[in-house]
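A short write-up of the structure that comes next.
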């Protein structure tokens, strides 16, 4: 797991304080065993506390997995293919790994749930997830299915989510990612397509391009947010510990104040922990900034 | 703890899907210490998630224990004598350890509570459990008392549960079990008597007979289910890893469609995990089947 | 963490049973990491179950901390300066560490919260704590700030709590403690002042004097309880394992049946666990006694 804390600033935030201390504490409780045949079985609970959101650490639903010969299958509160895509979160900046210009507009799809299942039509305690991942050479192929309620008929407008993703890395230099989700987050017709590429132009510098296609924002019943492009890159200074990163992104919603968002960030590696900061402007022309520390354990 | 997952089928299940993926993830959080005098003190929390029942892993109430010279005493959310009886669950089949013909009709009594205490008259947060176990030679003697509410007067019809059990093993060949519970699950007059025996007719084959006596089903306020006999056995194939098991059971309730239930199951030991399946028919003449994997850690 | 169990007796307790089995099970879940520069980062969750109060173990909000060169800073669900004061709880007796004459009348201030944050005006999920501690030679200086709600305007009568404390130990013989809290527990004007001293008159005998000043009890909106003195001491027998301890205390509230409270206790060290008992009389002239065991792990 990890801990992170620091300050996040939102311009024109509706709350009283535009700057707040925001912390997260995440601990994974993992258990595993190996059979005589070399098959690994395991399971995970997660305890997560998000400052301002949670009044205490939250336990989530369990995940069970089995791995053998490069194939992993998960049951329960599983990962999903799109959320595990190699580049979909590559534009994120700073110690908080935030990207209002791209990660903020990828639409609505299921992911491993760090909180208890909810009580909405697409998030019941009867939710069933199945996820499979196969790794070979530099390629990873993933597929997932989330049934919002395996015990009852699904209500109108709710359907099973299917997701497929492929990642490929060539020679540690070129990364390619593609993912497709049908009925994202269980909303019928909420289909999402993602493709991304990143290239290491120098050993310490990378440039990437991401594209994501969600439905038009008129499909507001499931929070569709149009199409978005992002150009991004990062550069590591000669000290080997300071990493500068940035993105510019373009989204085509009619409701945008501006169609362009951008951000710049920096991370300083302490070895076991990192200090980070970012400055970004979103599609409402509001500026947001953060500064903090994140440590892994 | 352990994880298990697979598919359970119920004929004529009232739900939409007769077959569902059912998983459980159980992790015990144990802590212990030893004094200079050789007395061991310890404690346990459990986190358990049951698919379809729980929206997240559930923490339960704590158990504290002390052990010395073969005597163990527990305080808090304790085990109970009847639930710890050596043979009461010996008819169970497959990776899910289910037995609709016998474990399904043992009546209502307290056990170690894997979930939070409830809000009913016999399950308050003021519940107090005391359990003692003494092991000597091949014999185990256990006694338990559960007070549903130590802080207030108990309501009418609710009383403390007392339970006593004795297990005896002779020469690794013969197992004998007997248990008696008064006011099972805190319901006054809900008295339950159990006796069982199992004999190893060959090193790889065992045969057993169980009998349990609960009140007549007219005492529906505490779910009494009459008397039940079960004949059961298991046989390990020459590979040493495949175990075949079966039972036939007879229950005398007037409301039964049939007084006979039976089941057959198989387990295949992977070393650290096991695959299992079972096929059973219950007293409503409905067939249920399951197939899955269970791994310990 | 630790476990403890035993029996507590309250004279004239409003409940049905004056004597009850009271147990607590506390487990800390700690994680930490060290950077290349020798800075330590860490975090804690706690799971705690209090018999009769909790229907299951409770997870609390997270604490994140960083330590370097004697300076520790905590963020989130932090310690507070007054609650960490070296002598404020020094009058406590027995295995339950109870002191109705002094710890029972220290007033209302924030502490590390072992339970989830509540839903009252001074205990929201937006609570923010910051705590700093600096240790040098025999001195410890601590300061803390708790903002009951960093996201919204605080309601009338609610304000941030500030707390400052200093501990000093001289030659392992003399301990001095002082602490001051402003707006204790977030209640405006609920200011509390504490000072204490303890002196080892012999290697196995100590005598101490504590004084705490809270507002007059007329300020009932935040539970002020006047001024209290306590004289206390403890003596270890020649076996090195039996510790006798006692206190007498004087509180000046008009509503007291008596202004004097006192208690005597004993602890027997088992090495890893301890047996303890105490007998006390409070300001209502009620007697309370306890006997139990406590073990650390």
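The first chain written gets the first letter, and so on, giving A, B and C; residue counts start at 1 in each chain.
As a working rule, a contact is a pair of C-beta atoms (placed from the backbone, for glycine too) under 8 Å apart; a residue touches a chain by one contact, two chains touch by 3 or more.
Quick caveat: nothing in here was measured; it's all calculated off a predicted structure.
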Pairwise touch network: line, ring, star, complete, or other: complete
Rotation angle (°) superposing Cα atoms of subunit A on subunit C, nearest 5: 120
Centroid spacing, where centroids are CA-atom means, of subunit B and subunit C in whole angstrom: 42
Contacts with 2+ other chains: residues of subunit B: 58-59
Contact set on subunit A toward subunit C in their complex: 1, 3-5, 15-17, 20-21, 23-25, 27, 47, 49, 51-59, 270-273, 293, 295-297
Subunit B-facing residues of subunit A, complex: 29, 31-37, 39, 41-43, 45, 58-64, 66, 75-76, 115-118, 124-126, 128, 130, 150-153
